[in-house]
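Labels run A, B, C, D, E and F following the written order; every chain starts at residue 1.
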Amino acid sequence: MGSHFKERLYDPDSRLVGMFVKFPTIETMEIVASAGLDFVIVDMEHAPLGVETVFHMIAISERSGMAALVRLRGHDTATANTFLDAGASGILVPHCSPYETAKELITDMVFPPNGRRGSGGGGRATQWGIDGAGEYRRGGDSGVVRVPMIEDPEAVEDIDRILSIGGLDAAFIGQGDLGQTLGDRDKAQALVDRALAACVAKGIPACTTAYGGDVRARFEQGFKFLAIANDTGLFTRAVQQRLSMVQEQIEAAKGQAAKV
Amino acid sequence: MGSHFKERLYDPDSRLVGMFVKFPTIETMEIVASAGLDFVIVDMEHAPLGVETVFHMIAISERSGMAALVRLRGHDTATANTFLDAGASGILVPHCSPYETAKELITDMVFPPNGRRGSGGGGRATQWGIDGAGEYRRGGDSGVVRVPMIEDPEAVEDIDRILSIGGLDAAFIGQGDLGQTLGDRDKAQALVDRALAACVAKGIPACTTAYGGDVRARFEQGFKFLAIANDTGLFTRAVQQRLSMVQEQIEAAKGQAAKV
Amino acid sequence: MGSHFKERLYDPDSRLVGMFVKFPTIETMEIVASAGLDFVIVDMEHAPLGVETVFHMIAISERSGMAALVRLRGHDTATANTFLDAGASGILVPHCSPYETAKELITDMVFPPNGRRGSGGGGRATQWGIDGAGEYRRGGDSGVVRVPMIEDPEAVEDIDRILSIGGLDAAFIGQGDLGQTLGDRDKAQALVDRALAACVAKGIPACTTAYGGDVRARFEQGFKFLAIANDTGLFTRAVQQRLSMVQEQIEAAKGQAAKV
Amino acid sequence: MGSHFKERLYDPDSRLVGMFVKFPTIETMEIVASAGLDFVIVDMEHAPLGVETVFHMIAISERSGMAALVRLRGHDTATANTFLDAGASGILVPHCSPYETAKELITDMVFPPNGRRGSGGGGRATQWGIDGAGEYRRGGDSGVVRVPMIEDPEAVEDIDRILSIGGLDAAFIGQGDLGQTLGDRDKAQALVDRALAACVAKGIPACTTAYGGDVRARFEQGFKFLAIANDTGLFTRAVQQRLSMVQEQIEAAKGQAAKV
Amino acid sequence: MGSHFKERLYDPDSRLVGMFVKFPTIETMEIVASAGLDFVIVDMEHAPLGVETVFHMIAISERSGMAALVRLRGHDTATANTFLDAGASGILVPHCSPYETAKELITDMVFPPNGRRGSGGGGRATQWGIDGAGEYRRGGDSGVVRVPMIEDPEAVEDIDRILSIGGLDAAFIGQGDLGQTLGDRDKAQALVDRALAACVAKGIPACTTAYGGDVRARFEQGFKFLAIANDTGLFTRAVQQRLSMVQEQIEAAKGQAAKV
Amino acid sequence: MGSHFKERLYDPDSRLVGMFVKFPTIETMEIVASAGLDFVIVDMEHAPLGVETVFHMIAISERSGMAALVRLRGHDTATANTFLDAGASGILVPHCSPYETAKELITDMVFPPNGRRGSGGGGRATQWGIDGAGEYRRGGDSGVVRVPMIEDPEAVEDIDRILSIGGLDAAFIGQGDLGQTLGDRDKAQALVDRALAACVAKGIPACTTAYGGDVRARFEQGFKFLAIANDTGLFTRAVQQRLSMVQEQIEAAKGQAAKV
């Protein structure tokens, strides 16, 4: 009943595009799915989304054939595991560095004996228990993606060790935070390039943001999946554009009225 | 603490623009207010919005200086009065015809002795009782707009009598439903023109939809306020446009990869 | 598991006090119950409460031994029956007049063959079906109160006929609306007295508001149960009183600081 | 993206089974869908479900390939149309009689010129506007079922006229309410048989409840779809059975402990 | 107003049974309470329940005389203390090991000077402040149970030290996770036996799951309270059983129809 | 669109008063704002408030010109940053000690390079992206207050070092917890005095509770802002007072009735 995201991500021919979503609604999720995007990243870090809302967003997204990945609020891997039990396709861990921290966090989301994820087999991910324990374990291993966000300079320093953590399935390279921290776009891009190169070398699918005309370039550079927009930004600009389009007409109409 | 919509609407120099909203969120309300629109019409008729959600939307909108009008689900004037108690700037009554029906519905929203609206003075509209009963009555009379939707051929037939109903403050001329019912755009526009002319003759501010380049024309034709967009439509198109913009880049990148 | 309100109301020695509640919370319900009130009237008419919120308020109130009566939004007896199925102790119908209207509305809430209430025996009122159909019918007949609000002059005109409607269990005499409509407190009180006298004559328990020092007088006049406050009003005044109490101290402290 | 319920219902070889649902959760909807039922009837009449909850239940059900029908709270066809705009597969109208009433109610849910349903084409039923106005009208005509509940003796009296109402797509014969009203199971079954015969004669698919071993018999009698359970009842009995199964073991263990 | 769970648990003659609950509803809580279970464990670890939902579940459960214990999502003792302030009867801490971790976590939930629980005396647990600070402290000490979940092999290794932590009131021995981690049921049961023996030796009430016919055996083995089912599992199986019961009848009816 | 709290707090002439709030409603927030208080502290530590509820409370409070500060549940600075992105005026961190812990927690809420707050510039705090990245950084630095709660004896020991942490903007001195922990009011007040003196010496605005007649004294002692009440306490006492006021009247009326 899910979106088979991991499988699609590891298909050599695929190039996947998605969006960050912050509106707390299933309406927007269905619109994004119907429009044809491959995945959403539900942004708990920067939006005040509650767990029940995120759960509904995951359920409707996956039922619509679009993967729901969740960006955690902080390093809250307990909530991550609750969402994996609920059928999310994957988890993004913000500021997942240095290596020792990253190792702890990724391992929290892996089943024993290699990790510490608790067993809760009767949830949404197993069709509420209709699928058995074996399928639960299989899905938790090979049906989800655990994705560290590489968005601090120290993370790039540690990139090779981080990418070798067991259970890590992909990486998100956060050019926004790198740029803010370094205060220099070029230095940030150099770190992006370095992190990407490490991913490509190890065959780890990498993601970043591409909000403008840089989609083709990013794919050709080696990224495997891209966040091409965010919902609040798209909506804000659409409202602004519509209003600016009519503003002139309003003034013209007022002028006309004044003349009469 | 409200948006003084009625006062602005009756200002001879104003031309006001707003949007229909169907997303159940205060986020979208704040975005629309920040962008600068004058009002929203919260669409309970075509969106499954609950009363508590609509209440939050009204409160945040009015606190942001943007008027919140509510399009009722059916002829539910009891809910309308609850929202007027809660500080909404006005109510749109869908399919408010024929005349006898319109008279009943508008009168439901007027205080005795002229109408049947029950008295509930301790709510949001009076700052939770900080303003007294006199202010409650004054606000309920002259601080809100009761707006029939003229969207059936029979409503246009009855337009003069409808516009003379006590407590009616403005009119919305629904070209969408008129067009659907008549199955003929030209016939529908003739009815729009006829209804508008009646409004203009009586000094009743009229509203309609103007989703394209027709804003100036509609204002010059005599409309006083216009719904220039709806939220779900704007968002859907924005997602589609963004995806279509990158689709070509994705294909190009895939082609490039295939060649390598 | 309920509050046995009807039984208590018909006990000749009881004099019951309650509150109108408009905050959408179970916290306030528990506070009011713990403080010792006999009942609340959940005010859907003047507060934008959704049905799920009201359901939670009913459940926690009844489980706390305090009766939950619901004032309908308009004449929505369909929702009334849903709440009776959910274990509410009674329903107040606002503006329940003239007689013909009152008869329709009260009868909507009575089981066939005398009325039109649909049968839905597996809900909260029967402990989710643990009690059987017989108990469901018995509870729907003798475990709930159907209470018209006598708050229009025409209702007082029709009072004797209204009080004789089958299934009517008590009456609320709304001095607030009567006063607003007549614009004259004395005339309104004359109608209150007349309606009360009719109730007393027929042995119908009557309720009204008594927000000040008039509780004893109203009981001695013959009222059987009284709404002695409302939650938003109590809270607003408590905040205002606390602030006014400290305002002087703030100014004094500022003055002291200025002198230093 | 829906369940194609109407098409399946009119397939001569199909026999469909569903459940009434009253829990306000998408979890239960997914369980019922995964178990393999064909439809649910979301019971707003007897459960205090809010419109947003029902909307989420509709969306997840239809996305799971299971039809969501909504039993209205009262005769609230305005809400029915909101849910049709939101992609529900159909509407059940409780106590849909006598004929004049039934005609009004069914016609409320049909588009002009034959009915009075307002046009709101940008909602969930059209993939949020991705499908156009033509598809919206087509879906509103031939993609949904309008189902009167025949559950009063007067409805059976009027059955032939009711079944001829334009826009009526199926009928639910409510043996529960008929039995309660008549107070006699045999008389009630005679009316069920009579109503069913009318449906069969006109080729109108009929539904009723079959909560025990009567499923085969009801299908063979001519019913086309059956409600075979309700969620709260199933859950209550399952908890009771589990507890009764262990009660003896608890007592035995206590006895054993006492002996030691 | 609570369920006096701790008192009942320490009664030598009692043997208590409860359920894990994951549905986000008060309906299910009331059903379980009405059926007669002694406690529920609200499962935040494996179900996406929000804090407000859990709060409502606690309130209705305790008001119904059934204890509400909360299984935390991760090691979030801050939320645990919020729920103790809200009147929960106890807290289960998942994967509460090794000893040093367990000591930190249990101590977080004990008042100073022995622990670090912050003081918040005006909440639900004190009847919203009607009970004073002394009663708040007394209830926080002797009215709640703090329960580590012994579900990792290392926890069993540390069992004696863990059971000696101040403020620990009972223990839950998690055979499910032990079995998953060890991949061997017999080895897991050996650890269960060892952990139970340590509890019995120290007079610490122990709990585990007993979902089948093993209830008597577990009680006789020394367990004091048992989780005998979970809500989603019970419901899923009930739906499946009902459908499988009618499946044959459906096929028979179809066969009959085909023959005709 | 916010309340400019930090600016007001640093105005030498201001003395600000606020309340703790625990009811999960925007109604109470508006009442408190309309009554004229300067700020609220939304109490996530001792009330089971979900993040979406807190978000709505922040938005309506700030839009009403009243500052919304959030007391965290535990040391959850990830959620703190989400609320700063959402436009909260500040954060209170409970039990923010010893120094090393305090330093970690405050630094979590400061942007790089001095701290670790992640960058999320398109949220409510920037008018949903209408304000740019520069304004986002400026607001995050100088538009919010980060406030440790000094409420453990060890915190007072470390007070000078804690007050020197970069990004710390004010301090809350928690006399309630200090008193509970020490079990001696005088000793606790000595620590309060010591902590306050350190704040005054460094020019750090300090806050504490002043629930009685001690407002003037606390301001004169050097506190800059005070929590003068909490919502649940005010409401509980108001209900109790109202009931106690009428209790005598009820008894008198009953006595009168008995005599007749």
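One rule holds for everything that comes next: contacts are C-beta pairs under 8 Å (C-beta built on N, C-alpha and C of every residue); 3 or more make two chains touch, one makes a residue touch a chain.
Fair warning: this is a prediction, and the values are worked out from it, not measured in the lab.
Undergrad: If you take the chains that touch chain B and keep only those that also touch chain D, what is left?
TA: Per touch definition, common to chain B and chain D: A, C.
Undergrad: Same or different, please, for the chain C to chain D contact, judged on whether over half of the interface numbers appear on both copies.
TA: different
Undergrad: Quick check for the class: compute each chain's Cα centroid; which one is farthest from the centroid of chain F?
TA: Using the mean of the C-alpha atoms as each chain's centre, the farthest one from chain F is D.
Undergrad: How big is the gap, in whole Å, between where the Cα atoms of chain C centre and where those of chain F centre?
TA: Computed value for the inter-centroid distance: 36 Å.
Undergrad: For chain D and chain F, let me know how many angstrom lie between their CA-based centres, rounded off.
TA: Each chain reduced to its C-alpha mean, chain D and chain F end up 50 Å apart.
Undergrad: From the mean C-alpha coordinate of chain A to that of chain D, what's the distance rounded to whole Å?
TA: Chain centroid spacing, chain A to chain D, equals 39 Å.
Undergrad: What whole-number Å value describes the gap between the mean CA coordinates of chain B and chain C?
TA: 34
Undergrad: If a residue has to touch 2 or more other chains to count, which residues of chain F qualify?
TA: If we look for residues of chain F contacting two or more partner chains, we find 22, 24, 27, 31, 34-35, 50, 76, 128, 130, 232, 236, 240.
Undergrad: Please classify the inter-chain touch graph. Allowed labels: line, ring, star, complete, other.
TA: Its topology fits none of the listed shapes; call it other.
Undergrad: Write out all the pairs of touching chains, ordered by chain label.
TA: A-B, A-D, A-E, A-F, B-C, B-D, B-F, C-D, C-E, C-F, D-E, E-F
Undergrad: Across the complex, what residues on chain B touch chain F?
TA: 1, 26-27, 30-31, 34-35, 56, 59-60, 63-64, 124, 127-128, 130
Undergrad: Quick check on the complex: what are the chain F residues that touch chain A?
TA: Against chain A, the touching part of chain F is residues 50-52, 54-55, 76-79, 81-83, 85-86, 111-113, 116, 118-120, 122-123, 128-130, 133, 137.
Undergrad: Sort out for me which residues of chain F touch chain C in the complex.
TA: Residue list for chain F touching chain C: 13, 15, 17, 19, 22-25, 27-28, 31-32, 34-37, 210, 213, 215-216, 219-220, 228-229, 231-232, 234-240, 242-243, 246, 249-250, 252-254, 256-258.
Undergrad: Flag every residue of chain C that touches chain B in the complex, lowest number first.
TA: 22, 24, 43-50, 53, 73-76, 94-95, 151-152, 176-177, 180-181, 183, 230, 232-233, 236, 240
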